[in-house]
Structure formats: structure tokens, C-alpha cells
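Just below sit the structures, each encoded as C-alpha cells.
One chain, chain A, appears in both complexes that follow, with chain B as partner in the first and chain C in the second.
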Partner chain A sequence: MNEVSQTLTQPGTAQTNWFEFAKRHRSLLASIFVLVFPLIMPFTALAVNILIYGLYALGFNLLFGYLGLLSFGHAALFGTGAYLAGIAIVHFALPWYAAIAIGVLGGVVMAAAIGGLAIRTRGIYFAMVTMALSQCVYYLFYQAVDWTGGENGLRGINVRDINIFGLKFDFIDPMTRYYVVAAFVILAFFVLSRILASPFGAVIEAVRENEARARASGYNVMLTRLVTFILSGAFCGLAGALAALHLSIVPIEIMHYETSGMAVMMSLLGGMGTFFGPFVGAAVYLLLENLVSLWTVHWQLIVGAIFVICVLFFPAGIWGTILKRMKQ
Partner chain B sequence: MTKRNGSKLISRRRLLTTASAGAVLAASPFRINLLQAQEATIKVGFPVPLTGPYGTEAQDQVRAAQVAIEEFNEGGGLNGRKAELLVRDDKLNPGEAATRTLELIEKEKVNFVVGSLSAAVQLAVNNITKERKVIFNSISQSDTINEASDFSRYTFHEALNPHLTAGAVGRYAFPKFGKKVAFLTADYAYGHEMVRGFQAAGKAFGVETLVDIRHPLGMTDFSALLPRIQALKPDILCISNFGRDQQIALKQATDFGMKKSMKIVAPVLLYTGRVAAGAQAFDGVIGGTSYYWGIEDKIASAKAFNDRFRKMHSGKVPSDYGALGYGGVRTLLEGAKAAGSLDPDKVIEAVEALKYDYYKGPQYYRKCDHQSVQSVLIIESKATPQKGDADVFNVIETEAPNDANLRSCEALGHKA
Partner chain C sequence: MAGLSFDLLALQLFTGVALGAIYVLFAIGLSLIFGMLTVVNFAHGAFFMVGAYVGLFLVSLGGNFWLCLVAVPLIVGTIGLVVERFLIRPLYGRGIDYPLLLTFGLSYVMVELVRIAFGKSGYPFDTPELLQGAVNIGIGYFPLYRLFIIGVAVAVLLGLWLFLERTSFGLIIRAGARDPQIVRVLGVNVARVWLFVFGIGTGIAALAGLLAAPLQGVIPEMGSTILAEAFVVTVVGGMGSIGGAVIAGLLVGVVVSMTSLFAPEMAKVSIFALMAIVLLIRPQGFFGRAGLMS
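Moving on to the complex of A and B:
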């Protein structure tokens, strides 16, 4: 009680100052965390996966948490980024950075195509339309066997050396791989933070809170939605391209609607509409899966029960709940 | 006084937590890691889909691989260096399998990787291992892994491939039952490769394909497709699907009375599938397999393997895919023994030179694509088991190991 009244009457106390500071420098703090993250992980490949899926969920959360649109088709954006980056390396022997650029571009183009069609709908209809469209994309890539390997998946995305300003890095080395991926994730943190802090970011949240009022205030709601969807596609495309480089394969499963569901689950688990929440969600989701499956073949039962508990007792997500507690 | 009581309480609680943590640790698989965490062990990574539709097969593969490890260790290991098996669940997902393989190589520093139970998964694992120069022995069917684009000298393939399996069944069935053939195929790589194998073998007999009906995975109702096949009056119906799809298709074909007018064959008849679905659905169906425990009457190595397996796993017999887990692990360990070293290049040479008979008769790895040249068993489902519940198949013919039944090295893109 004492604390509450303190924050209410004296907004300038040390505690809130610290919180405000953290909020302002959220991308910097997140970046520092990412840099020390592999040290506390059971193995590096998992840490890289968490980064990649964290980024994927981050992109998804821009649409879901900040704009309030639930998409069930983000696997198409993630998968297009992965496949195009992979194809650039396997079929055109392009350098790795060009592959990443093409992956991001792929995510953007796919988001523009799906978004252009789906953005007119709302709520459950939006979820259904995006899911249907992403299934179309799934079959498109599944059937293009010569390009994507079809059922067998795309193999041979083998990146050995990475040259940055004359410095040579061995991409096979797990730690190098982690920090190369981390560099892109950190870049994404800053870009996302900038978007959210901009006037456009405020419009995004205005549309979520009250669409009619936003429209009445003179904002173009449709355009805001489409642009947000495309930005979300850019983040997911980047995540996909990094996934292709990391695992050196792209399995067709990446396009499956289960992958779309994963983004929803990770966002909810971490805390929708929070900056760092999706990342926490991805970490918890993948860590649980990996650790429990080492211990028992009935891991799905245990992980499922934990998810149910999380949804029941932390409706704001793990990170969301922590933020709430700190605010008080 | 109260303070004392309090501290006593805490210490008791701490005692309880420590004890329970200890108990959990003792019961968990980490214990094995703690006890065996010596530099000297030979580590064999084993990613298989313990959960999901092929879980039964995968768990049997683990059991069989444990037999190979125990045998190796009892035989003194490699100059006293013991082997250990590191099992990982790949969830039948290539991405997960790739991550787990990275873990096994980068963190556990495994010497070999053996495993996988799907074409896509084995290609994913293979891509990781060949980049890092770790020997990988695949124990599930795929034609693609033999091809020059995916193969590397670190790749071995202990399992059969669709070309060989379907070919063997075709070579048995076509001259006996007729030339007009209909296909019912699961629409994915496994099904397509099997049909290609049948058709390649059929060329020599002038076989005519009446129809190739493709169905999606996880089909539960074939009643719309089966009458179309019946109307064409084929001599043979080839059912190229797997697992539960196979069980349902066979059950419904039986109910439709199709067995009266045509012979039903399947490239792979699964032991576990037959045990689950019962005798009636599989009655009179002919298919191929890499291994059936019943060959122990004739083959001494099978007898020895089965006995060992029964002893370790409370009287169970190994399944077809299970036995591959044994073969896949044992060839690499024997190779290491013969090479007297774990250096991949030396082990590869030693494994290439092996002429082995570990569980199903003579086998060897072909030089160009490291495909295990081995026998294919043609089996027929038994109407009534005589020797217990596990007695489900008759081995009606054994196709001897023959290089000529595989696709040639040139056709696969390898330079001679």
C-alpha cells in the first residue's frame, strides 16, 4: 500500500525512475541480454533457435499485440523468408548478406500479397483468411520441387566463411553463428523500438484501442493495417532467412500452420503487446520442449500442462505479469 | 526457543529438498551423463522420432541400438574405451532434428550420428553432419540420400531404399500374379519413390500401369477410391503407403472383397502395423521388409541378435525398423574397432571394407554411395500365429544381396 501511494503521489521516486529508464532504453537492455544469453543456455544451437523464433514472434507481435489483429498465417511470411534466402544460396550461389536481404524482401512481398487480400476482414475472419492464404503458399512451395526440394526440404544452404570488413569468421563455429544472428536480432530490436516510438507507432496503438475514433481523427486505418502487416512481414522474413542460414536446411514444415500457431503461443506465453514478451515466450516455449523431452517421451503432457497453468494464472503473459508487478 | 524451532524447520525442509532433488537426479537420465562423463567414451548420437506417428518404431530402434552398445562394451570397447548412446527426440521434424544434431555435435562432441526415421529428416541430419565431417549412418528409407547431390563420404545408409524394396516385391509379384497393375499411393516422397521402384522393376516384365491414385497423408476413408480400382480389374494392387494409412487401406480393401479378384502387395509391410491391425486385414497381403525376427531359424546371426534383444528387453522381439538401429550403430563401432581409431577418415575406410553379417545375413556398403547392399525379405501375413503373438509373417522368399538391383552409381550421379 505504501508503495502504491508513493508512486501515485511522487512520480519521481527512484523506483519509477528506474522503470522509466528501462522503458526508454528497452532495446539497449534487450541487446545486452541477448549478448550474454548463450552463457546460460544448455546448448548454443538452441540459443540461436530462441533468437530466431523470438524475432519471428516479435514480428508477429507487432501485428497481434500492437495492432490487435490475430493472424494465423505468419508461417507463410517466415517460410518465404527462409526459402528465398535458401534458394538464393543454393540455386544462385549468392553471398550470405544478399540472401538475407532477399529473405527480408520475400517476407515483405508475401506480406503485401496476403495483407492486401486479408486486411479488409477483422477478428476471426482475418485469422481464417490469413490461415487459408498461408496454406495456399504452403502448397505452392510444396509443389515447386525443383526449387524447394518439396517434401524432402531444401538442403545445401552451406555458408562457411563470413567476411565482415576484411575480418573472416567461421560460420560453422557455434558461437560465431550465434553472434552473427544476434547482430541482426539487435538491429531488429532498435528498428522495432523506433517504429513503436514514432507517431506511426502511436497510430498503430490508436487503431487497436478504438478503430472508429482513430478513423474519426483522420487516420487511414486500412493503410495503417497494411503497412503494419508488411513491417511484420519484414521481421518474419528476416527471422526466416536467419533460420535457413542457421540450420542449413529449410524443411517444408516451416510453412505448416503449426508454425503459425507457435508465434501465437509464444506471444501469449511471453505477453502480447510487450516489447520483450515474445522473446521471453520463445525462450520458455523452446526451452521447455527441449529440456522435458530429454527427460521423458511424454513431454507433450507436461509442457501442455505448464502452458495451461500459464494461460490460467498469467493472462498477461510471463513478461507482461512481471512488468505489471514492477509498475506497482 | 521459537527461533531454534524455526531454524530446525528450515534445515528439515532443506534436507527434504536436497533429498528429493537427489532422488530426481538419480531417477533422471542425467545421472548416466554424470557417471559416464569421462573423456574416453565413444559417443553415438541417436536422433529418432520418439514421439509422433512413428514413435513405436523409434523406441524399438533405441532398444536395438542399446543392444549394439552393450555388446561393444562387453567386448572390451575400442582398446578399453566404452561407447555410450545419446538419444534425442527429433519429433519427426527436420528442423528439430537439425537442431538436435547440432547439439550432439557441438556440445556433446559425438563421434558418430546414427538415426532418423523419415526421408526429409535424414537429409536434414545428413546436411549438418557432412558439413562438420561427422559420420552419419541413416536407418530409414530414402532414394535421395544415395544421389550425388546429397551424398558425402561421411554418409552411410544402412536401411533399404525404396528402389530396392519396391523392386524386390515387384520382381516377386509381377511374374506370379499378372501384368496389369494399379497403384494406391500416399502423396509424398516415400509413396512416389516406391511407385518409381515398382515401375522400374516392372519394365523387365512388360508391366502395364492401369492407374496411379494418389491420396493425402492421414486418409481415413478410401471408399471413394477403391471402386475405381475395382472397375479397372487389375491383377495386382500396389498399396504404397505407411503406418496407419496402410492399416486402414488394407482393412477397407478387405471389406470391399477386393482380395478375391486381385492380389494386394505393399512395398513395406510393417511388423508393428500388422500386430496393431490384426490378421484379417493383412490376410494374404504380400510385401517386403528389411528384417523379420522369424528368420532366426535359418540365420545364426539373427538368432544371436534376437536372443540378446529378448534378454535385454523382457522377452520382446525386435521389429524391422528396430533392427536397423542395431545394424546402424554396430557397423560404425566395428569400423572404429577395425581402424583402431576414431579418426573419421580411417573409420570410413574401415567401414567401407567391412563384409558383415550382424543380424540378417551378409551385407556390405557399396563404395560409391555407401548404400548397404543386403537381402530383401518377401513376407506374407499369417492367418493364424503358431508361435505366440509375435508370429505374424511367413518369409516366402529372400532376395539375395545384389548390387545389380540398386540404381547404378552412374545413374545416381557418382563418378566411377
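Moving on to the complex of A and C:
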């Protein structure tokens, strides 16, 4: 009996080993993919967008997929990162790396402010409160015309070349631009991978799975929520800062709650709670948007309908479904 | 401050109540649907917008405003029935996030369909002739149409209250909100009750959209603005509580109109500041999440 079951499970074990290997080195594998990605894309600018929105969705997914909190206010984190990075360059003529650092810091501070209020609420309230607070941030940035350009957006974020230890890179060249952004995305992959593999990562998932048990085990659930929200804000702030450098303008729409919805859609399309899912989701979303808008301006109809179908029939998302198949 | 008199303040307060009446109508549907089905309807703003467009369409066909008051909730409520039956019902028992995400995607589809049918730009919506002008209400002249909105809101609330408290179907709804399991065991078709509650909620949202149309015009994005503000109303009032939605809706309306008198640029932000204060003091809102009518 034992022998039989052993022979039966052997091939499965080999496959699981391979799967375990891929899982252990997921950030490395994802990074390699990111490095070759622009070679298979029709436009490099689209590839840069996928990286930026993928990073944004990754930050969102840390909260939604791993902690189980559905936020509809991530546009505020993304937008704050973008605006602060842009303001640093336009109003203070700071170098690009300082602008990115300020963008990340902006995401962190905004996450601490919104998260500090929102984590007091639970479940469904959380989605509503985060959305309402981010609309508040939207109006605040909209009103501060002197700093943000109000309705016209913040213009004139021109970064021509990027200096790293005396080496000069031409930021106007699309490929260089891609690899500068990719460097930050790869960094984010490794940081996220470390967070998830750390004891704190285990606590995050424990809180998602059973909050009462996590609390009974002595973990500070509220603090875990707040810290995860702030970490999520750091990723989103970074994505926002990169978006500002890439677009050289920050439109006010970046703060609107439809941008929050984009992160939700991307995570769900790709697969929530999976490491690489947000990037797959961002790629599918932006490719769909580009393809559908070739023949109709009403691309939101198609994207919305596909999203509804996904919620109904494929809640695990594209990448999540592939992972499930591979596990079997 | 010289121009500020007691009468002006009182008039502004009254304007706030009229604005609040729209919020109340919007938010009681949201609250009713949440209280019964535990579905946060992200498409509620889209139903509000569709209500205004259906009204616009009926008027362009030669229908009058008074007919719209009846026809719009019925038509949009029927759309709500279809949505509940075929899109939301399959998701029960799969957690609260899924219906929320589905209705969010649905709102994209609805807004885009309206853009295809009516175009991206907005339309003005004429105030019906009978309701134009202003009347003296003792403290000054007040637009008749705003008085009418308050009247309709009171009538709808009264009707809803009578329906829930005095009819046997209302009794089933209230019981279903407390414990759907027991109601099902007693032989009631709970699925059908939920279907009708969703239809009633979306119908009232459509009525609110129609009433708001002469005040602000009709554009495809009109639903997304009020949705964020209505979330403030439901959070302040307490999810699932109709009484909370009424009080918080009026409060939000008054706060908006008062700040637009003193600091117009802060009018939008003040709503959210109100929510932040309430959350700090009472995270569950005024009326917690107890029963339906509490």
C-alpha cells in the first residue's frame, strides 16, 4: 500500500519541487521577465505604462490580496506620489532621484493619514471610507491650483538625462526610459518578496485568514493593518513618481476614484494575492484599452464587461488560474 | 459679514435641506440594499444617472414631468430586477467583496452605454412650468422646485415607512433583514424578497436622479460624484440604517450649503471632513449596524 502510494505521488512531488523552486525565486524570475518584456511589445511607451501601473497594482494587491482589505482609495496614494515628485521638480528644481524619494515619502505619509482613519472601520466600510477620503484628497489637490495646476494638471516635469555615478543616460530614449523604470520595479519585486517571506509577511496572511485567531495568538492586528497600508502606500507612491517622470505631466484625473478602480480591476484580472498577478492584470488591462480603442472610443464598455465576466466566472484571475493549474 | 442676516442663514439652511433630500433618497436605496442583501451597490450612482436620462428621453418623446415621476422609477427599477436576478444572485455566499466588484464593473458598462446612446456632453433639463419661480415662505423667497423636492422626499419616506411597517410584505422584508435563515425555514421565498428590495432601491435612486436633473443638468458622470458623497452619508448614518441615512443625508446637505456660503472652495472637502470627525468619535456611524429601521 505504501509503495503504491509512493510511486503514485512521485511525479507529483517532482513537479511540486519545480514549483517550489519557482516560488522561492519568484522575484528573480519576474525580474528576468521584466528585462526581456519590451522586446515582445509593439510600443515601448506602452511597456513603460504596464510597468508603472503594474507596480501600482502590486502595491494595491499587498493590501487587497495579501491582507484582504479592499481599498477604493489608492488613487490618492498614487496621485500624491506623482504630484509631490512633480512639484519637487517643477517648483524646487530638485534632481530626479530626490523627486522619486519625495514621491515615495508622499505615498507613505498619505497612506498613514488615510489608513490611520480607515483601519478603524471594517469590511465593507473600509472600501467606502477609503474611497470617500481619496475623493477628499482629490478636491484638495484640485483646489491648490498654485501648486498642482488644478484642472489643467501639473505641467513641465522635464527630465532629460539621468546621472548615476557620473554615467549619463538619455531619459528621452524610450528603451533607456524603460530600463530606468524597470530598475525600480525589480527593486520593488525584491522588497515585496522579502516582506512576504518575513515573519511579518506571515502575520499579514494570518490576519487575512482568521483575524480573531491572529489576535488571540498575540499579534497586533490594527498595527499590522496600518503598517501594511503604509507599505502599500510606499509602492504606490513610487509608481506615481515614476508616472510623473514618464508622462512629464500629472493630470488631475490621476486622483479620481476611477484610478482607484483601475488598481482593483488589474489585481482581479491578473489574480489577487498572487505575486506576479498585478503585472499580468496591468498588461491585459492596458493592452485591451489600446486594442479596443483602435476601433471604438467606448473601450470602457468592453473592459467593464470583461471585468464583470471575470468577477462572475474567473475570480482567481488569469495568473491565479495558471498557478492553480501548475500546482495540480 | 454685513450682508449676513438671520433670514439669509435660514434660507441657506433650507437650501441645504432640499439638497439633503436628494442625498436622503439616494442613500436610503443604498442602505436598504445593504441592510437586506449585504451588497454595497457601486452601480447605485449609475442607476441615479440612468434615471435622469430616462426622464430626459421620455420628455423628448413628449411625455411630461409628472408622468416621469412614476415611469422613471418603474423602468429603472425593472432594470434593477434584471441586474439582481442575473448578475448579483449568482454571487451570494461568496463574500461581500464580489457583489461590490461586480456592481463596480457594471457601473462602467452602464455609463458607457449611456455615452453611446446620448453622447458624452450633457443636456439641460427644464424645470417643469408649474414648478418654476419662487414662493415666500416667511423668511424670504425660496425656489418652488426645491420645495417640491423636499415634498417628494417626505412622501417617498412616508410611503416606504408605511410599506415596511404596515404591510405583510414589509414585515417579511424586516424579518429577512434580521435573519434570512429563519424566514426561509418559515416558507418564505427570500430570493424573491431580495429581488424586490433591489428593484425598490434602484427605483428610488432613479427618482432621485430625475429630481436632481433640473438642478444640475444631465451628464453621464453625474452618478460618480454623488456616489462618493452618498458613501459619506451611509458611513455617517450607519450602514443599513434608514433612519441614519435620513438624518445624515440632511446633515450633509446642510453642511454643504453652509460651507458654500462661508467658504465656497471648501464645500466639497467639508463633507469628507465631517466623515473624518464622525469616524474618529464613532466608527460605526450614528446608528451602528443594528436592524433595518433602527
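Assume the second predicted complex is superposed on the first by the 297 of 328 C-alpha atoms of A that agree within 3 Å, B and C clash if a C-alpha of one lies under 4 Å from a C-alpha of the other, contacts with A are read in each partner's own complex, and residues count from 1 in each chain.
Convention: a residue touches a chain if its C-beta (ideal position, glycine included) is under 8 Å from a C-beta of that chain, and two chains touch if they have at least 3 such contacts.
The model shown is predicted, which means the values in this text are computed figures rather than measured ones.
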First, second, both or neither for A:70, with chain B first and chain C second: second
Touched partner set for A:182, first chain B, second chain C, both or neither: neither
First (chain B), second (chain C), both or neither touched by A:52: neither
Partner chain(s) touched by A:129 [first = chain B, second = chain C, both, neither]: second
Chain B versus chain C as contact partner of A:120, first or second or both or neither: second
Partner chain in contact with A:323 - chain B first, chain C second, else both or neither: neither
Partner chain(s) touched by A:315 [first = chain B, second = chain C, both, neither]: second
First (chain B), second (chain C), both or neither touched by A:300: both
Overlap of the chain B and chain C footprints on chain A, listed as residue numbers: 300
Complex interface listing, chain A residues touching chain B: 42-46, 49, 150-153, 155-156, 158, 172, 174, 243, 247-249, 251-254, 293-295, 297, 299-300
Chain A - residues contacting chain C, complex: 70, 117, 120-121, 123-125, 127-129, 131-133, 135-136, 139-140, 143, 257-258, 261, 264-265, 268, 298, 300-301, 303-305, 307-308, 311-312, 315
Residues of chain C defined as touching chain A within the complex: 34, 38, 40, 87, 90-91, 94, 96-98, 100-102, 104-109, 111-113, 115-116, 224, 228-229, 231-232, 234-235, 239, 265-266, 268-269, 271-273, 275-276, 279-280, 283
Chain B residues within the chain A interface of the complex: 28-29, 50-51, 55, 59, 88-89, 91, 93-95, 98-99, 102-103, 106-107, 119-120, 123-124, 126-128, 131-132, 142, 144, 149-150, 188-189
